[in-house]
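The structure's right below; bear with me while I get my questions together.
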Amino acid sequence: MSTVKPAAELETDPRVKAVFDDIRTTRKSDFINNMWLYLAFDPALLESTWREVKAVMATPSALDPLVKEMLYIAVSVTNGCSYCVHSHTAAAKAKGMSPEQHAELLSIISLASKTNQLATGLQVPVDPVFDADCG
Amino acid sequence: MSTVKPAAELETDPRVKAVFDDIRTTRKSDFINNMWLYLAFDPALLESTWREVKAVMATPSALDPLVKEMLYIAVSVTNGCSYCVHSHTAAAKAKGMSPEQHAELLSIISLASKTNQLATGLQVPVDPVFDADCG
Amino acid sequence: MSTVKPAAELETDPRVKAVFDDIRTTRKSDFINNMWLYLAFDPALLESTWREVKAVMATPSALDPLVKEMLYIAVSVTNGCSYCVHSHTAAAKAKGMSPEQHAELLSIISLASKTNQLATGLQVPVDPVFDADCG
Amino acid sequence: MSTVKPAAELETDPRVKAVFDDIRTTRKSDFINNMWLYLAFDPALLESTWREVKAVMATPSALDPLVKEMLYIAVSVTNGCSYCVHSHTAAAKAKGMSPEQHAELLSIISLASKTNQLATGLQVPVDPVFDADCG
Amino acid sequence: MSTVKPAAELETDPRVKAVFDDIRTTRKSDFINNMWLYLAFDPALLESTWREVKAVMATPSALDPLVKEMLYIAVSVTNGCSYCVHSHTAAAKAKGMSPEQHAELLSIISLASKTNQLATGLQVPVDPVFDADCG
Amino acid sequence: MSTVKPAAELETDPRVKAVFDDIRTTRKSDFINNMWLYLAFDPALLESTWREVKAVMATPSALDPLVKEMLYIAVSVTNGCSYCVHSHTAAAKAKGMSPEQHAELLSIISLASKTNQLATGLQVPVDPVFDADCG
């Protein structure tokens, strides 16, 4: 079930096809996952989204590729995005996340939500020493 | 402003004092941040929370200590927990997070929330290949 | 799957039937969507919910009916309510939302979540000029 | 800081005054908290909100008044609504919530968020036996 | 669909089996729901999660068992955790939640989210009298 | 309080200055709000964020400028982003949002969160007719 119709994997719209080709080249895989097939209902949105995902997630940077995927999972779980939890967990496993690391990731993100609730429930005031504006 | 009264840093309740002492020893610092001072309104809750935070965050494990802090920040930002964003950003900086890594962290967690919204708005169906139950 | 049993579309409970009849009259359609069939497990909750939805969403007001649906979608996507994303996207299309407007709507709500994350991650202080209490 | 200007406690607008008087009578107190002073920027919104809060929270029902406040706190903490956490924690204390109950409340809502994260991170399928549509 | 493979109900790993046996004994039922079958992909995570759930939810305390389940539902609905809404609604019914109480529970948690949105939209300042640090 | 230090309004870094100049030109105002001053801790993040905000929010499109601001508010309130609620409410007022429209906006977003909670609490199944994949 979805709110728009997906494109076909062998897309004929030249703008959509160009993005799909770049996804295949960047990932060294023929597989196009549903996120991109559905975003293709609007070629401009597909283009800008892929451009940003490629720049942030598929370009060498200050953070390790597996760490990036785990951060993506942490946000996606917290936002309750079922699709993104599935796709980025698969991506993290493809980049070498071990079952032990997966379990530890889940321990951290569930503990963080737990202590977030405690801090919010207590309305703990921020320690002045944490303020980057000062000192 | 808070919903309970905090303990004093030089606590006299022996259960609270024992936790504060262990925090100081574990962190090699005399500073006790507000989270623990306010949790001390209930010694049992203070004990169980610190025990879990220490086990997950302050014990050598499959993930790097700085990565753990960044995961904690990712969840805390997504949950909108102001206190936790402050305390864990400070902790990440203390563990060596550079301004470049901080900026990249924010790029990833903000992009993740953006694509979470797109996947949810489109109600993209999960690709069968992502299902760990099969294959 | 649900947590309560739905009513039948041809309901015999007079309070439920009265609401269903008003939904049909208000919407000029025989179709009753699942939200109302399931809410009917408690006639009082069904009545108060429909009364409020009708007053806010189906009564001429200061905002355009399509704009109202788009606002509903924005909240529902952000809350991750799958049912509501589906039902209000269908309603927005029925009120004339074009694919171009749909794409722009998704661009805005995903960008908003992205910059929400940035503002929260940076803990940006509110500019005094934004305070309606003053000036 | 706020996004609208509040009404004065001794309001002269007759619709606003009528609501304030009913709040004072219902609560047996002269105090009007900020929520109502700010909602008064729109008398109709003030009226409908107070009517609903009074009906749900200040009318004898199937649930105990203190339990209702604790449920309100649970939702408000999870939504990260600082104002509501403060006001409903104060209300719960006024209705007799002990420090022990407060600590237990926080234990439950923080544990719930923790296991919510685990279930979402694992994408645990719902057991068919939990479906109220069947059986 | 899930992100890990579940254990079998008749588990042979001794750590997993010990937890499953304790769940059966504690609940006086042979049924093990999916949450635990999937958490078993990591025996340590299964053990620590069950230990905490048992201590908080299945041990006599200052709050009534049914109230605890309703609080769990309130958090789970607000976090949008489909699995947890199903499992804890079933648990609440098993502990005697009537349809009338279920409807009232939903009235409160939906009203709380509504007024959370109003307080956040208005950015209502916290009344000084609500501050537990003072007075 | 913040997690990074802000730039000065009269910035000397040429990349930051170029963005600030473009903000002033685009908005026809000398005022630079804090969001941009703090994002300037990382010039690349400042550039990419402003580029996207300008393209989506400050470029003529299929949606009215005031409608866009109201959608931004709806998301920001739901995410609980205090800064963004303030800045976009101010922006909406500057674009002509009347108090009546402001009140209606708050009615819709608070009602949407209320019915989101009801749909999630009931786990209402999506009506097949809402599925854009079919028909």
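Going in written order, the chains are labelled A, B, C, D, E and F, and every chain counts its residues from 1.
Note that a contact is a pair of C-beta atoms (placed from the backbone, for glycine too) under 8 Å apart; a residue touches a chain by one contact, two chains touch by 3 or more.
Please read these numbers as outputs of a predicted model, since none were measured by experiment.
Novice: Any chance you could name the chains that touch chain D and chain E both?
Specialist: A, B, C, F
Novice: According to the touch definition, list the chains common to the neighbour sets of chain B and chain F.
Specialist: Of all the chains present, those in contact with both chain B and chain F are A, C, D, E.
Novice: How many degrees of rotation bring the Cα atoms of chain C onto the matching Cα atoms of chain D, given to the nearest 5?
Specialist: C-alpha superposition angle, chain C on chain D: 180 degrees.
Novice: Counting C-beta pairs in contact, which chain pair has more, C-F or B-D?
Specialist: Comparing C-F with B-D, the pair joined by more C-beta contacts is C-F.
Novice: Provide the C-alpha centroid distance between chain A and chain C, rounded to the nearest whole angstrom.
Specialist: Taking the average C-alpha coordinate of chain A and of chain C, the gap between them is 27 Å.
Novice: So the centre of each chain is just the mean of its C-alpha atoms; given that, what is the distance between chain A and chain F in Å?
Specialist: 21
Novice: For chain B, what residues touch not just one other chain but two or more?
Specialist: 1-4, 41, 45, 48, 52, 75, 77-82, 85-86, 89-90, 100, 105-107, 109, 111, 113-118, 120-123, 125-126, 130-133
Novice: For the complex, give me every residue of chain A touching chain E.
Specialist: 80, 85-86, 89-90, 99-100, 102-103, 106-107, 117, 125
Novice: Can you tell me which positions in chain F touch chain A when the two form their complex?
Specialist: Going through chain F, the ones touching chain A are 1-6, 48, 52, 126, 130-133.
Novice: Across the complex, what residues on chain C touch chain F?
Specialist: 1-4, 31, 33-35, 38-39, 41, 45, 49, 52-53, 56-57, 61-63, 67-68, 70-72, 74-79, 81-84, 86-87, 89-90, 98, 100-101, 104-105, 107-109, 111-116, 118-127, 129-132
Novice: So in the complex, which bits of chain D are touching chain F?
Specialist: Contact set of chain D toward chain F: 1, 3-4, 41-42, 44-45, 48, 75, 79-81, 133.
Novice: In the complex of these two chains, what residues of chain E are touching chain F?
Specialist: It comes out as residues 73, 77-78, 80, 82, 85-86, 89, 105-106, 109-111, 113-118, 120-123.
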